[in-house]
Amino acid sequence: MGLAFDLLLAGGLLGLALQVVASRGLFRSVVLFIALGLLMALAWARLAAPDLALAEAAIGAGLTGALLLSAYRALQPAEEAADPGPAALPRWGALAAAVLSGALVAALGWAALGLEAPAASAGREALARLGESGVKSPLTGVLLGFRAIDTLAEVVVLLVAFLGARVVAEPLQRAGPGPSAPGSGEPVLTAPLLRLVVPMGVIVAGYLLWSGGHQPGGAFQAGAVLAALGVLLRLTGRLQPAAATSPAERLALVGGIVLFSAIGLAGAGTASAVLAYPEAWAYPLILAIETGLAVAIALPLTLLFSGSAGLRWRER
Amino acid sequence: MTQAGLYTLAASALAGIGVYGLLARRHLLRRILAVNLLGNAVFLLLVAFARRQPGYVDPVPHAMVLTGIVVAVSATAFALALARRYYAETGLDHLPEDEG
Amino acid sequence: MMAAAYGLLPLAALLIAVATAAIVFALGDARRRQRTFWNLFGAGAKLVLVLVMAYGVLQGDTFEVAWPVLPGITLRLAADRLALLFAVLSAGLWLVTTVYAIAYLEGSGQRARFFGFFSLCVAATFGIALAGNPFTFLCFYELLTLATYPLVVHRGHPAALAAGRTYLIHTLGGGAALLAGTAALYAAVGEHPYTPGGMPAVAEWAAQAPAAATAVLGLLLGGVAVKAALFPLQGWLPAAMVAPAPVSALLHAVAVVKAGAFGVVRIVEDVYGHALAAELHVTPVLSALAAVTVVYGSVRALAQVDLKRRLAFSTVSQVSFITLGVAVGGQLALVGGLAHLIHQGLMKVTLFFCAGNYAETLGEHRIDALDGAGRRMPATSAAFTVAALGMMGAPPLAGFISKWYLGIGALGQGQGWVVGVLVASTLLNAAYFLPILRRLWLLSATRDWPARAGRAETHRGLLYPPLLTAAAVLLAGLLAAAPLSPLGWAVRIVEQGYPGL
Amino acid sequence: MAELGALSLPLAFFLPLLTALAAFLLGARQAPWLAGIGALATVAAVADAVRRVAAHGPQAYHLGGWAPPLGVELYADGLAALMLAMTAAVALAVTAYAGAYLHGQGQAAERFWPLWLVQWAALNGTFLSADLFNLYVMLELVTLTAVPLVAMAGDRASLGAAMRYLLLALIASLAYLLGVALLYGGTGTLHLREVGELAGAGGPTAVAAALVTAGLLLKAAIFPLHAWLAPAHSSAPAPASAALSALVAQAGVYLVLRLWLWAFPALLSPVVGWGLGGLGAASVLYGSLQALRQSRLKPVIAYSTVAQLGYPLLLLPLAAVPAAASQAWQGAAYFIVAHGLAKAGAFLAAGNVYYSLGHDRLAGLRGLAPELSASVLALGLAWVSLMGLPPTAGFLAKWQLLSGALAGGQWPWAVVVVLGGLLAAGYGFRVLATAHAAAPPGGPVGRPARRLPWRMAATPLLLALAVYLLGVSAVPALRLLGQGAPEALG
């Protein structure tokens, strides 16, 4: 029964993926890609990775989808020219591409299925020594304990993506999702709903953050929820693009990384090594780092969606 | 066929579809979509690997995937910004060498 | 302490030339006086050091500087007699040529660049002379190519650039062959210092793998033959004539062709040994090529109407006497070849100085425009005459001495045909030099030349160098029997270094 | 105190990173001096790391105190130390040069500094990290800092080049990550040397190695995956071009060598070695021929990068031949160092030409103004090393490669090395000849539009001179390289 569902799910994934690549309309492809992200989250939940499923739904499907849709709008010429599908490729080219991808599928499938799961692995050791990391969730233990450097570098990636986007930034009036709807034209329920959703979102993010130590959740999910709020506020015009990054925004952008680095470097003196935490302080320090990281994830994502250097509240 | 094996195969096929999309389509947005398909395939493979042995979930691939997702969304966001600017500057939605 | 510093003289002499180059580059174009000072100071200081070394070697001192460059590979500067023969020539003529060049290039552009590379070029030549093993030789040989290129294209007009291209294609190709040959030699036998009579390790290797040893010898000789302008690789030399006269003097007499010829001596005598090279059937080929080059160069020289081009083909011909002396074998022929290394340098530098004077003072490049120039510029023309007669081999001038030894040596080796080549060369030399002398002295001027500016016939800096070198040509012939004459030095080298020949 | 000493490894990553954050926080006005201080501090950390490796052998640092496979290890052996040192030299030059180059360009400067400093941190991380997944994150950081630098000019050409570079680099990263996923699936570890011990030579490992290598070859612009490099590297502003060619692309080559010698030595059969070496040789020849056809200075230098990146791969076929291995190894490693310094010098010198004249068309360089003679001299000096002529580091590297190939009886590689040098001379002298050419009759074309700050004139010259310093003797550097070298190569 379970396997049949998995079979259906895998088939759906592949069908959607094929549609994403083959569909004639670009908009359709984008929407199907978002749907694919949601199915992917479902598959991961099936594979005992509910925390990843949450992140994929929020970031992989939600935020990426929002970015794609906004870019799709920007890349549309005035007179909608249909994108020539794969037919644009000469027949031999399509054939060569198919052969190459087929070879990849065969080699990859054969290699991946042929691999024996090793008896000892980094993962088993991580589970065995989780107690030493100071948190109860294995994922958080790996992300902020055993392999903290990856997490630190990954937040730097996000910052760098924002900095890179500033290099190629467009003028403010063309940036992001385009001109936001003026307040008067808004659907009636928008304002009250936002008044409800925003505080709720902040609370959820805080809960996710706090709970990350011992159950699914954590900085990424909290950051994703905050970023989603940011996107919502930007879409409804509550947040407006600004031409410059304010000092407060700069501080929020780098604060999490600086905090993480500082605690990490201090580990050389207070604990055994760089990126080690003193045993008694491990949990509070990790919580502090996670809080900083949640902001360091949410703000660049919001800014990247907004396509602007900074944000400001709409004047009333 | 085990559950993990099934998803391993699905991941392989997904990677192939992604590569085909990269080779066969030239619109920048479609290329970026294909890159994301390829990324999803890698993530799915890792998550499937983590679930190969009964009664045990390997947290290391999960951490890799979570890191990978954030890296992927960062790269995608920057790529889209670059594509928009490129389009604004040139009016092209594909790279010139892919012409005809 | 003093003793240690004394042993470092080769390095000091090298660094002086490099430092001169650096200072000259740094001074820039504007500071003429300072540049002149440093040029002359560098050239003079180096000559003094080289002479001190020569005196030391005579006393039996050894000078050697070596440091590891790569594991198992050293950069080694060693002053043996053969090295100093070439080093004294280059250091002496550098000073003279520097004086000449300062006068010659007065007022032209890019002089900092010119004199910087000029100094580097001489540093490279000095390194070639003192190289103590094939790797060191290779390093300085390639450096010489790099340092001379900017001099060849100095004027920057399209003809100069085209000549520079020809020059590069030849010399870099030759350098690549030398690089491959040297690397293959090292891969086969490892590193050994130059050994008069040949490296024992090479002999062992050649006994085991004669084909490989022959191929490597071919690569090595092919590499140096380019700079030695051996037929059929001589094409760059006439092309490079577009360079200013002091550069031609440097290329033909001091640095480039001499580096090639000197390389032939080192490879045949000190790497393989003449006996092994003969056993591998390489020396007969080499002497045949040298003979062909001698005749070919002379025949081509006959047909040239541009004075410098005629001199260039004459160089092609004359330099091959050195190769011929090495290839024929036997002590006397080698003495002739080595003495010619110096003699040809003195004669050819004189000729190019004179050609430069005609061009600079009278504005004449063509031979048929020099009618009566002897009366307008008697001193220059006298120097030209001495050097030209020396080239022909007229006794008692320097050229006669080297050809005499070559001929006697070849007869001693039972290679009488070489005498035929010598006679033919002398006749051809006469055929292309005597008409020039006739025009200079016996015909009357047909053209209006600018009047003398002062008492001297031309700028003193242009006049004294050729007079000095012409006097040296005369003295090298007259005093050939003296122990410190070029011939005497060559005899010493051969008697003490190559008793087995 | 031993604990504090090994700290220089993580500091080599953290110091430039924190400087980048500070530069972003405080803005463009404070960035140049901040970057200068951060650069000096980083150089000090690198110097300490190098000194330790030279004196005590390879240094390992377990981040968080977690030993592999659980944690991420930073590992500096002789090769990594050499790369760190070369990177420090180039980065110092780039930092000094960029301060003057970007002076007065508020927006560009504001964006350049954090990106460049993060790039330096990520490069150090790439050279130090002994963890395959951590390497992926570092590579992505390098890519995402490199592409914006390419796009900085904001014109049609540079945006197109950046877009192409980004797409290919992302594909390359994912190919690499796919391979790493397979390796973890098979061995249960991400640690480089443990993977080498556990992975074996089976089919799945071969697929993983193929994916990883394809990704890295794409990042290193090895033929036939080279097409993106020349437009990208010639579009960037000069200091970025220098960093991209001397460091970023070379990091890809470094990782190819690192992985094949440490993680997949069991797979390095003669056929595989010849295949990879053949790609390197093709890069050498193709890049050189393309460089001969360019009509602007920066593309010539960029195509020369394609050619020069091919040489180190010649080690792979030679590593399995005992008579050749040691020399080829030394040659390949020294080659990366020599190329890095010389190429950075060449690009910065070309940047001076561009800065002064406002263009870099070869035809317009005739009769070059004397103001630029120091830059042209630096270009020429650097080029001597790229041609592999003495007395430069490039020559010594090439000599070792050549000797290794000949000693191992592998003469085809020797032919490639010699031929590559001749072609480099061909395209090098094409440029230098133009710079020597007299001005056309219509008057001097190459009149500088802008005065060159002395710092910009001096930097490329110093880089070029460093190549000569390393050309006097390679022995100290090669002794360092011997620390922790694989046994077959030591």
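Per-chain numbering from 1; labels A, B, C and D assigned in written order.
The rule is short, and it goes like this: contacts are C-beta pairs under 8 Å (C-beta built on N, C-alpha and C of every residue); 3 or more make two chains touch, one makes a residue touch a chain.
Just so it is clear, the model here is predicted, and its values are computed rather than measured.
Enquirer: Which pair wins on C-beta contacts, A-D or B-D?
Expert: Greater number of contacting C-beta pairs: A-D.
Enquirer: Report the chain closest to the protein's overall CA mean, measuring from each chain's own CA mean.
Expert: D
Enquirer: Using only Cα atoms to place each chain's centre, name the chain farthest from subunit D.
Expert: The chain farthest from subunit D, judged by C-alpha centres, is C.
Enquirer: What is the distance, in whole Å, between the centres of subunit A and subunit D, each centre taken as the mean of its C-alpha atoms?
Expert: Chain centroid spacing, subunit A to subunit D, equals 31 Å.
Enquirer: Would you kindly tell me how far, in whole Å, the mean C-alpha position of subunit D lies from that of subunit B?
Expert: 28
Enquirer: Could you state the distance in Å from the CA-based centre of subunit B to that of subunit C?
Expert: 67
Enquirer: Report the inter-centroid distance (CA atoms only) between subunit A and subunit B in whole Å.
Expert: The separation of the two C-alpha centroids amounts to 13 Å.
Enquirer: Which residues of subunit D are in contact with two or more other chains?
Expert: Residue numbers touching two or more other chains: 133, 137, 140, 144, 147-148, 151, 154, 159, 162, 178, 182, 184-185, 190.
Enquirer: Give me the residue numbers in subunit A that touch at least two other chains, ranges are fine.
Expert: 108, 112, 117, 121-124, 126, 147, 150, 154, 157, 160-161, 164, 168 - these are the residues of subunit A that touch more than one other chain.
Enquirer: Among the residues of subunit C, pick out those that touch two or more other chains and give their numbers.
Expert: Not one residue in subunit C touches at least two other chains.
Enquirer: Judged by the touch rule stated earlier, which pairs of chains are there in contact?
Expert: Here the touching chain pairs work out to A-B, A-D, B-D, C-D.
Enquirer: Mind listing the subunit B positions that touch subunit D in their complex?
Expert: 15, 22, 28, 31-32, 35, 38-39, 41-42, 45-46, 49, 52, 60-61, 64, 67-68, 71, 74-75, 78-79, 82-83, 85-86, 89-90, 95-97
Enquirer: State the interface residues of subunit A toward subunit B in the complex, per the touch definition above.
Expert: 2-3, 6-7, 10, 13-14, 17-18, 20-21, 26, 29-30, 33, 36-37, 40, 43-44, 46-49, 51-52, 55-56, 59-60, 63-64, 67-68, 70-72, 74-75, 77, 83, 85-86, 88-89, 93-94, 96-98, 100-102, 104-105, 108-109, 112-113, 117, 121-124, 126-127, 138-139, 141-143, 147, 150-151, 154-155, 157-158, 160-161, 164-165, 168-170, 174, 220, 297, 300-301, 304-305, 307
Enquirer: Using the touch definition from the top, list the residues of subunit D that touch subunit A in their complex.
Expert: 3-4, 7, 10, 14, 17-18, 21, 24-25, 61-66, 68-72, 111, 114-115, 118, 122, 125, 133-134, 137-138, 140-141, 144-145, 147-149, 151-152, 154, 159, 162, 178, 182, 184-190, 198, 202-204, 207-208, 210
Enquirer: Would you mind writing out the residues of subunit B in touch with subunit A in their complex?
Expert: Residue positions touching the partner: 1, 3-21, 23-30, 32-34, 36-37, 40, 43-45, 47-53, 56-67, 69-78, 80-88, 91, 93.
Enquirer: Report the residues of subunit C in contact with subunit D in the complex, numbered from low to high.
Expert: 25, 28-29, 67-71, 73, 75, 110, 112-113, 138-140, 142-143, 145-146, 149-150, 153-158, 161, 164-165, 168, 172-173, 175-176, 179-180, 183-184, 186-187
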